Structures are given as structure tokens and as C-alpha cells.
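Order as written gives the chain letters A, B, C and D; numbering starts at 1 within each chain.
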Amino acid sequence: MSELVLKNGIVYDPINNVNGEKMDILVKDGKIVEKLNGNAKTIDCSGKIVMPGGIEIHSHMAGGKVNGGRLFQPEDHVRFAMPKTKVTRSGTGFSTPTTFLTGYLYSKMGYTTGMTAAMPPLMARHTHEELKDIPMIDKGAYCLTDGNWFIMKYLKNGEIEKCAAYVSWLLKATKGYVVKITNPCGTEAWGWGKNCRSLDDPAPYFDITPRELVKGLVEVNEILKLPHSVHLHANNCGRLGNFVTTLETFKVPNGTKPAAKRQIMHATHIQFHSYGGDTWHNFESKADEIAKAVNSNKNIVIDTGTVTLDHTTTMTADGPLEYYLQSLTHLKWMNRNVEMETSPGITPFIYSRKMPTASIQWAIGLELSLLIKDPWQVLMTTDHPNAGPFIRYPRIIAWLMSRKYREETASKVHKVIYDRSTIDGIDREYSFYDIAIVTRAGEAKALGLSDRKGHLGVGADADIAVYDINPSEIDPSRDYKEIEKKFSSAAYTIKDGEILVKNGEIVQTRYGRTLWVNSKVDGELEKEVMKDIEYNFKRYYSVNLANYPVREEVLTRSTEVTRSASV
Amino acid sequence: MATITDVICPFCGTLCDDIEVVVNGSKIESARHACKIGNSKFLSINDIPRPIKPLIRENGASREASIDEAIAKAAEILSNSKRALLFGWSSTSCEATAVGIEIAEEIGGLIDGTTTVCHGPTVMAVQYVGLPSVTLGEIKNRADLVIYWGANPMHAHPRHLSRYSIFPRGYFRERGQQDRELIVVDVRKTDTAKIANHFIQVEFGKDYELLSALRMIVNGGELEEEEVAGVPKEKIIELADKMMNCQFGILFFGMGLTMSPGKHRNIDNAISLVKNLNRHTKFSIMPMRGHWNVTGFGEVMTWQTGYPFAVDFSRGYARYNPGETSANDVLQREEVDAVLVVASDPVAHFPRKSVAHLARVPMITIAPHHSLTTELSEIFIPSSMVGIEEEGTAYRMDTVPLFTRKVIDPPQGVLSDVEILKRILEKIREMR
Amino acid sequence: MMTDVILVPKVQHKISLEAEVIKPDEFAGKTIEEIKELPVYFGNTVQKLGDFFEVSGSAEENAENLRIVVEGDVSRVKRIGEGMTTGEILVKGDVDMYLGARMKGGRIVVEGSVDSFAGQQMRGGEIEIKGNAKDYLGGSYRGDWRGMRGGRIIVEGNAGKEVAEFMRGGEIIIKGNCDSFAGVHMKKGLVIIEGSVAERVGAEMVGGSIIVLGEMANLLPSFKIGEVVEGLKIDGREFPGKFRKYIGDFAEGPSVKGVIYKRL
Amino acid sequence: MSLEVKLITGRTLHQGASMERLGKESEEYTKSVAVCEMDPADMEKLGVKEGDIVKVATDSGEVFLWAAKSRQAPHEGTIFIPMGPWANALVDAGTNSTGMPDFKGVKARVEPAPEGKVLNAVELVREIYGYNY
């Protein structure tokens, strides 16, 4: 197989504490190696930044709800189209790009891994069918567990081990990578058109509170010793005054110990959870309070969900939230309750610069990134496409690296941000090292992937991004437009040692791995739980149990991550 | 004799997945649990004669040809076309549709499915107002009010009522039918209407008016007219009350709405009614999709091209506008210069004017059986039956994905749609 | 002073040509030879405008003073004047779909009839059609809730279904008759129908005005009957005679402001 | 004697079953699909009985069908023909720029046609379209 030398690049590799050093990266057989035999192809990286390939930790890029968003928005698809070329398929869509296009667009930005944020178990096959059609990147899917009848019943009855065995089975059946919780218990309440509005507001009939469900799933996650922590979209997403719920939620895992060297909870798109005020007229940022809480709690990692001020699509398993949003905008609305599991919804949304709310939301995303001190705790996302499409990442990078750019944008949004957020007073500007943390190294660590991803040490996958930026010549604070442009269009994207992108153009396509967790529990326990599963399938599901699990064949380059539980 | 369980029935959008097929050598003995139509489809293996060799029509006569020759000729026709139409797809696997899309993209053609003459108007309405929906199991477990509007599942989706809507016992509806109410709205007293608790006979073509009246009431207005669409005011108010006061309602609708005057606007109004009802209670709506994988065709089209049907690749990327890029419109404008039909019979189901153009242009058909379309085709390539002789992914009417099973081998020498299409694509690429 | 560029169709074709390049914005500042080289889309091929039209006359530097005259039948040429911002187009025959779609300024006159989607999502300028217009005149693109926002469309003949779909502004005048669903989902703007109008006029409208001078088929049950007004004055236009006012569409909710005036 | 009616087309259990089981060339298929379901009152007006041959004509064309007494009456003034080539020879092709032809609600005329012959599907297609060579 091929050998490759990336010569004289300026390397940012935070996991290995490499901060802008000039060095060579050697690649052999898709891995980073210590030395080569010779005959390697050389890429001259002098005057260019070399980083590990970007990792997406939370993006709605594949699955039933994503496709619903595509289907009901032809107007989003006429906005952006890429014709087929000799090497690529065609694609369309601005905020809901088609599958092939999704892979190409991530790859052009130097991303090499991406996780799709919400997979209803019953729809798992659909998610994987789409992932199969996303080229260029390695991928994985988060399995939704929020309104799951098995989980709610086990936890209500205090049967934590059975619950763990069920979740273990569910991850295997759906080929999921992460235990994802969206609006805990609220998604079951939405089965009746209701919601859970606090941590102690129980799901109807099942009589279990969001607090109990989250606590239980945190414990289950650690019993199963999963690579990632629970991945939580907290209650009251997008609601006025919700920062109180968010702060409460951060405390729920207290007392549980992580089974690996990582956080105990990943709290996602926290921008949508940092709201103060009790009417839209006194709506304000509480990013400072949230940042304070994160700064004093090393066990929490968040991602931002930064608003990019675009006309985009909101989609989440949080069905009641989507209903609420469409009742504000009166735009089209799609809902898809999934039996016994969860309740996704979709509606378009326009974050207009003229709107006070959208302006404050924009400020909050950046405040979180800038006020949380440790970049390992605040990863960069747009909760694609909820707060904006992922193709805006380069712009967010530029905002983070340049106070001047933020000021320039601030002058164009509603002036309410000067009163109801702290964005104007923040001087902090991210370094390239910080950027490397919040876009790849931090993600790898949080996902439990840092043995092979998110760094350029020997033995890592040769997933590498090269950007045509010379830190000694470009001042990001001043040349922010240049930063945005260069991060949009990687000089090279290398995946498993193969050059996929050169000068921002795709030169060849490849399909990446699909990562999933093969979770193992005690055989007797699993058998016992299977009896429950069989019983409930016969009665309450609309498909037969035998037709539920996703077969491994549908996964591109199926890659299992095995974890043995402590039960 | 072998019994294969958990088989998925490849007939209608209900996609029952509990069929037990008993196979005896090359015969299917029975298909337990299947409805009359599903059963017919499985048993058809035994007696509908299966063409094995491709047919090519030349100089006024058709002759048998080798698969290689048929594929080469098909590729040539498609490769030389300026505006080819690739049509069908609702009775084959998603995997086959995916190859079809790749061919359409490669040759800059049009690809459309039977959706266009079925629930195309539904999809268009969804694009205007959305679709508050649920999976079928939610209905089984929760629904206490079920409405079929312009749909006759007793004929078109025979097990729909017993598996998902009226008869099954659900978690919150332990007594099954006794815990639910069934209302049918239709222009005729259909067999479904006959078992309903309430039947509302709407004047033909006036569904839109009735929906508008209901929406006004649901939104707090007062109906001034004494009768709308042949339905007395009290009955309309009673219906609106039932809808607002149920705990979990579902409105299923069929071609009684999509095909009658107003088409997509009927659905627009029906969906909007359901949206409005969500201010009062939990209410959902679902189209009764016909062919077993018509939903899957739309899903694959959407994730690969961005649009669910009627896609035009003439500029190298997908464009969409039903009325312009849809099959019947391009056929009636006589724009199409070559046609590929997969797993469908447009000659039997399109209006005369459209079929007249199909008869004029070179047509290639890939299907398991002789049909009216193969009658008018220049090339007919027999294929295996997906869901019986071949595995493949399909999507149920509520978008739940299922992997259909293979229960029996196809006749020797007969290839799958996927394989035939892949070979055509390969050949087209060789020609470029 | 206007200068003309004259296009004479020279080939018959069933497959529609897509020629959004036929607009003053594209022709301005080009020589006749350069205009002939402009790309047009024919089926799956890209060809040259000159392959389909004899091109003569001379183009101005300034699009504002440029008129394109199409001499003949272009009933299989789509997208003429799409996105144009200034200047004039005169078509002396029938035209295919999307005439003047997303137009922002300038003027288009069609002596024949136009196919569907003319003036789709138009923002400004004027389209005058001497013959008939097919469906979705001044409408929106599929899925988009923002239809025509400005400008004016005048049709001397009849118009098809869903005229002014999702209209957000501007003016449409139909001198003949209008088919069903005129003004569907309308929010702002003015539609004047001088002839008769078929059923479901104003369906799901929440604002804007529709004036019907001729006969009106049964109105939807979700409209409320208002008062009779003597002489109408809307957007600086006056309409003499008595009008019955209808308000709706209350299917959309209690606070709708759509108005239909029917001359008695 | 003839009657002005509205034509509705649609799917039926028999149409589906016979198509899947025996194919579109079968006698079974013709028997279940080449039928014009009518309200008994309309049949009386025309003086036709179950199984008599009627001619149905629209602006698009005309076909001969067997009259059948509707089991879903009353629906005076409306006839029902199951989805298939006979119905489609009659429906309006125009889609009003929506992609969907007018399969339901087409104006039609029905009259008794004792001399007429009901063609099977293949014969019908051959008669209308011929072959493309």
C-alpha cells in the first residue's frame, strides 16, 4: 500500500501536545508511522497548517427525520446544487444536503469523521442506508433512548442491570455508537401531545421523571463501559428561562463515576439551553451562568450549537419543541412519533439578523465558546442544521479567532445583543491550537476514539487535514476572511492515507468505516431480557422482532468497538 | 417442505412482516397470514408463466435474445437519448432504485415513479404545509379515533385495519376495537364504510369544501351554511367535536383525495386540519401509500437527489417540478425520446394520451411478467420478483424500513433488477 | 432610444429548449456573434443560442435600452426573461414555461399565450400577455411560501389554476376568466379578475385582495359575508359600482385578513 | 338512451388479486376490471342489467364494458371503473401542471351497447395503440 510524507508542515496536534511545530508526518498503509522505507510520495506542506482530520460530534446528517427535512423542502434544494463530475455524484440542498453531497462537503473542509446525532431504533436501518451513501468520512450513529418503554419500565422498577442489558442489546440491534437522550420523558409525553417541562415532571402513565431517566441512563452507560458518555439533549430545549433546567441537569450525574477517562455527560447544543427571560421581550443570554457551571465541573463536556444567522431547518427528536417552533413561525411542520421509542419533528427556521431573538442566539453560541475556559470542554457544532448548516464551520472558526470579525457581525445584527448578552465585552481570541481542540482533538477524546482518531501520533488513522494557512504570515484576528476561506477549502484532505481532496477539489471518493459498539453483558442476564423483548414485540410493536435488527451487511466497512460490561 | 417465517409481503404499503411461507421445491404451498391479494402474489409463482429469455422486437416481430444482447441494446438506446424517462420503481427494492438514479444521472435523463399518479399530490402538499404523522404502532397502542377519508383499505390494504388501526389490542387500548371509534368519509358507501361507527357521504369533488368547514370550526369559527358538500351542518359540527375531543386521533387518506378535483390542495387542507387539531389534542395524518415500496422509492430519491419524484437530471444535477418534470407531462408534450420501465405497468395505468407516446418511442421494460407495457416494448428483460425471489430494502407507508426476504429461487437464468440495471449502467459507461 | 436584437426561431423541436439567457441583462454589451454563442440547454446537451435562432440587430452596452424581439413561435422555449432586471422582451408568439420567473425589473410583452409558471416568484417589472396564461401564474416554487412579491402581470385572455399562489405583493390583472384556486395561500397583493372566476377562489388566503368583476362560482364555506361597498379604491385604483365584500379564509384561523370583492 | 355521469376510477380487491394471481392477460382480470359499476337506479334508467354490455365515452375516448351493479350504492350519477387500461382510455390526460392526471371526476356518457364487444386488455392495447413498428 501507499506511503506518504507530509513534509515540513506546521503541525497542531493537541492530544500529543504539538503546538505549531514544524515537522513531517509519515503515513503507511493508512496509519501514521514512525518511519518509512523510502519511495514515499511527498507532499510539501511548508507554510501550511497540518491537523488531524476534523471530527463532527453532533450533526443531523442521515436518517428518517433528515430525509423528511429534505423531502418537504424543495425550496432548500434549489438553493444549492453540485453537478456530477468525473469522480463525484451530483447533489443538492443548502441546509439539508443530500447524502453524497454531505460527504463531499465535510471532506472539502478537512473533516474525516462524522456522527449522526439521533437515530430512532425502529428507523435504524434507514439511518444506516443513508450513512452507506455518505462517502469520504468515517461515521457512526447515536441511538435514541429518551421515550423508550423498556428503559422507562426497567428504571421505574429499579432494574438497572436489566436496563443495561436491554441498552446493550439495543446498541447491537441498531448498530449504534452512543446512548442518546433527547428531551428525556418529554418525547413519550408527546405521544399524547404533552411535554415534560422540568426534571421532576413525569412522563404520563409511565410515571418516571426526566431526572430519574437521565440518572439511570448515566449509570447504565458506565455499567456498559461505553466509549462515549451519555449524549444528552436536555429538557426545555429552546424555551425561555431554560438555563435553570440546564444547570440542574448538569448536576444529575453527580455521584456516578465515569468508567473511562472521559466526561460523565456530554450535553449537546447548549446554546439552545442557555436562555433567560420569561417573555420574548426580555429574552436574554445566560451563557455566563452556564459557562460558570461548566468551568467548575470537569465531568461535563458540551458542544455549542452555534447560530450562524441563516435560513435553515430545525430537526430533532424533541417533537414538542418542533411543534412549539412552528406555532411561532406558522411555517410547515413535520412530526414523526416512533412507537415505543421517541418523537422527532422538523420545521424550517429563519435566523434573521433583524430579529432580537436570533441575534441573541448568535451571541450565546460564541459566548459559550469564549467564556468556557477549557476548550476540551466546549466543542464546536451548529447542531447541523438546527442552528445553521455545517458548511458554516469555517465562519465560526473565524468568529472565534477574531474579535474584530465578531464586532463587525455584531454591528449588523439587532443592537439588543449589547444589553442582553456579554459578547461585546469578550476579548478572547482562539489560537490554532484551540481550534484544533474544539474541532477534532476534543471530539476524539469525548467520543472515546482518541486511540485512533483526532491526533497524529504513531498508530493513529492517517486522517489528516492540510490548510493553506501560514500562521507566521496570516493574522487571524485581522485576516478573518482569509481564515474562513482557507478552512472552507482544505489544501489536502487525507483519509486512511489516501488523498481525497486537493486544493478544495475532490480528486477521488472513498467510503469510510461505520463505527458501532458491540456491547457485551452477562449471557444469563441477556437471555432474561430477551424474554421481555420478545413479549413486548409481539404485543406492542408493529414489526416482528426478527425484522428489527440491522444487519451488518448494510454498514460500509463495519467496524465494531467492543466493550464488556461490568454485569 | 420448508417454512420461512417473518416474511414481508411485497404487495401494498402496509408491508405486513408476519407472513409464513411454506415452500415445497420450486412451488409455494401457502402464505399464512397474508391477505387475499398478498396470498395471490406469493402463489402466482406457481402458475403465471414466467418469461426467461429477453425479447427484442425487430422488423415487426419479436424474438428471443441473450441477456448480453438485450443489455447492450438497452444501453445503446439510453446512451443515445436526449431526454430519456426512467419510470416505475414502486415494486422493486430501494437498491434497484439507487442504480436507476445513477443511470438517470449518467445519461442526463428524467426519473419518476408511480408516486406521480398516486400520492404525488400528497408529497406536494407535504412540501407546502408539512406532515404531522406517527408510525403505525403508535396508532395501534394509542388511537381512540380513526378516520379513513377517500380510502378503502378493505379493498386496497386488506390487513391495515386488523394490524394497525381498528381491531388490534394496544398498550393503551386493551379492548381493541371497543376502545376505538371508526369514521369513514367517502363518496360511496364502501366496504370500509360499512363497518364504520359513522359514515359521512361527501358529495363527489367537494372534499375541499368539507375540510375548509371543519377547519373553520376547529379554529373557533362558526359555520354559517346549513350544508356543505352534501353534509348537514350538525353532522359537520359533530365530526369536528369528535376530532377535537378524542385523546389520540389519526386521519388516513387515499386517492379519493389525491385524484379528485383539487388534488394536492385537498391534501394541503387535510394536513392543515390535522395541524390545527393539535391545538386541541394529539392528532396525526397518514397517506395510504399503495405499492409496497412506493415509499422507499421516495426515500432513496430524496436522500440521493434531494427530491422525492419527478427528477430531471438534464443539467447534471437534480431539478424537480411536478407538472413539468413528471412522467405524464413530458409524455404528453412528446418530449421523451426513450423510456426505461422498471417493475411497473404504465401502459395499464396511464391515460391514453400518455400511452400513445410510450407506443411511439423505444421502450425497455424490466419486469418479472409479461404485461401491457411489455406488449409495447422494444426490449423486455425478465427479472426476478423482489420480496419473493430476491432480498431488498423497502419502506412501509409510515416510512418504517424493512428488509424483505427471499423465500424461493428465481427461475434459472433470470437476473434481479439490481443486476440488470448495474449491467446496463456499466455498458452505458463503456459507450461514453 | 431602444435598440433591438431580433431572434427568429429556425428549428422545430419537441424537446423544450431552456434559454434563460434570452434577457437584456445577458445580451447587453455583446456583439451578435457573441450572443449566438450563449449557452442554451436542449435535453441533456448544452448548445448555442445561434443553433436555434437567427440573431440580428445590435445590442446596446446598456441593458436598460435594449429590447429583444422574438419573431415567431417559442412555445417550446422555457425560461425566457428569467431573472431579468431591466430592458424589454417582445415575443410575437406563444411561450413555454417560466416566462419572467424571478424577474426583478423591465418589461415582457407576449403576443401569444404562455405556459405555466410565468412570473414565478416575481419581484418587480411588468409582464403583459395578450393571449392566455396556463397554471400557477405569478405563483411560487414548490414548497416555498414566498410567491410573487412585486411587479405587475396583465393577461388579456384567460388564466389557469392557482393564479397568484402564495402571493406576497404586486398585482395581477386577468381580463378574461380565471380557473379554480385563484389566490390560494395569498398573503398580500392584489388580483383583479375582470371575467368570471371558478370555484375555491381565495382558498387558504390570509391577506391581500381579490377583485372579481364578472361571475364568481360558489365561495368556500369558510368565508364570511361582509357589507356592500359603493365604489372601490385599492392601491390608488378605482373601481366603480357596488361590491359585496367577503372575508377569509377562516379555515386558516380567526384573525385572517383576506378580502374578496365581488361586483354586484 | 344515454346517461351523463361522472367517472371515478380506483383500486379494488378483485383487480389487485386477479392481476397478481393470473396476470393482466387473463380472463379473470378482464372480468374484474372491464366493468362499469353503476347505481341500480341509473341501470334502471338505461334499462341495463348486470352483465349487459355498455359503451362509456368521454372526451378522451370510448370503450365497451360489462355493466355491474354497485355494492356501494347509492351514488346516482357516478360510475366506477376499476383502475386499468379500460378506465385509462377514458380519463382526462391533462394534469393542470401538477403531474397527476384527472383520474376521478371525468364527465362521461354511458349507453347500452348490446352489439359491443368487451376486449381483453391486450386486445384493447393493440386496438388503441398498435405496435411501435
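Here, contacts are C-beta pairs under 8 Å (C-beta built on N, C-alpha and C of every residue); 3 or more make two chains touch, one makes a residue touch a chain.
What you see is a predicted model; the values in this text were computed from it and never measured.
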Central chain (distance from its CA mean to the mean of all protein CA atoms): B
Where chain A and chain C are represented by their mean Cα positions, the distance between them in whole Å: 45
Centroid spacing, where centroids are CA-atom means, of chain B and chain C in whole angstrom: 35
Centre-of-Cα separation between chain D and chain C, whole angstrom: 39
Chain B, residues touching no fewer than two other chains: 124, 127-128, 261, 313, 315, 320, 322-324
Shared-contact residues (touching 2 or more other chains) in chain C: 116-117, 135-136, 141-143, 145
Set of chain A residues in contact with two or more other chains: 72-74, 78, 332
Which pairs of chains touch, using the document's own definition: A-B, A-C, B-C, B-D, C-D
Partner chain C, residues of chain D touching it in the complex: 96-97
Chain A partner contacts - residues on chain B that touch it in the complex: 5-6, 8, 17-18, 94, 98, 102, 105-106, 123, 126-138, 140-142, 163-164, 169-172, 247-248, 275, 278, 281-282, 284, 298-300, 302-308, 313, 315-320, 393, 395, 399-403
Complex interface listing, chain B residues touching chain C: 81-83, 107-109, 124, 127-128, 208-209, 211-213, 215-216, 219-221, 223-225, 228, 261-262, 265, 268-269, 272, 276, 313-315, 320-324, 333-335, 337
Residue numbers on chain C that touch chain D, as the complex places them: 116-117, 134-136, 160-161
Footprint of chain B on chain A - complex, ascending: 62, 64, 66-68, 70-74, 77-78, 81-84, 89-93, 96-100, 122-123, 125-126, 129-130, 133, 149, 191-193, 205, 323, 326, 332-340, 346-347, 539-544, 546-547, 551
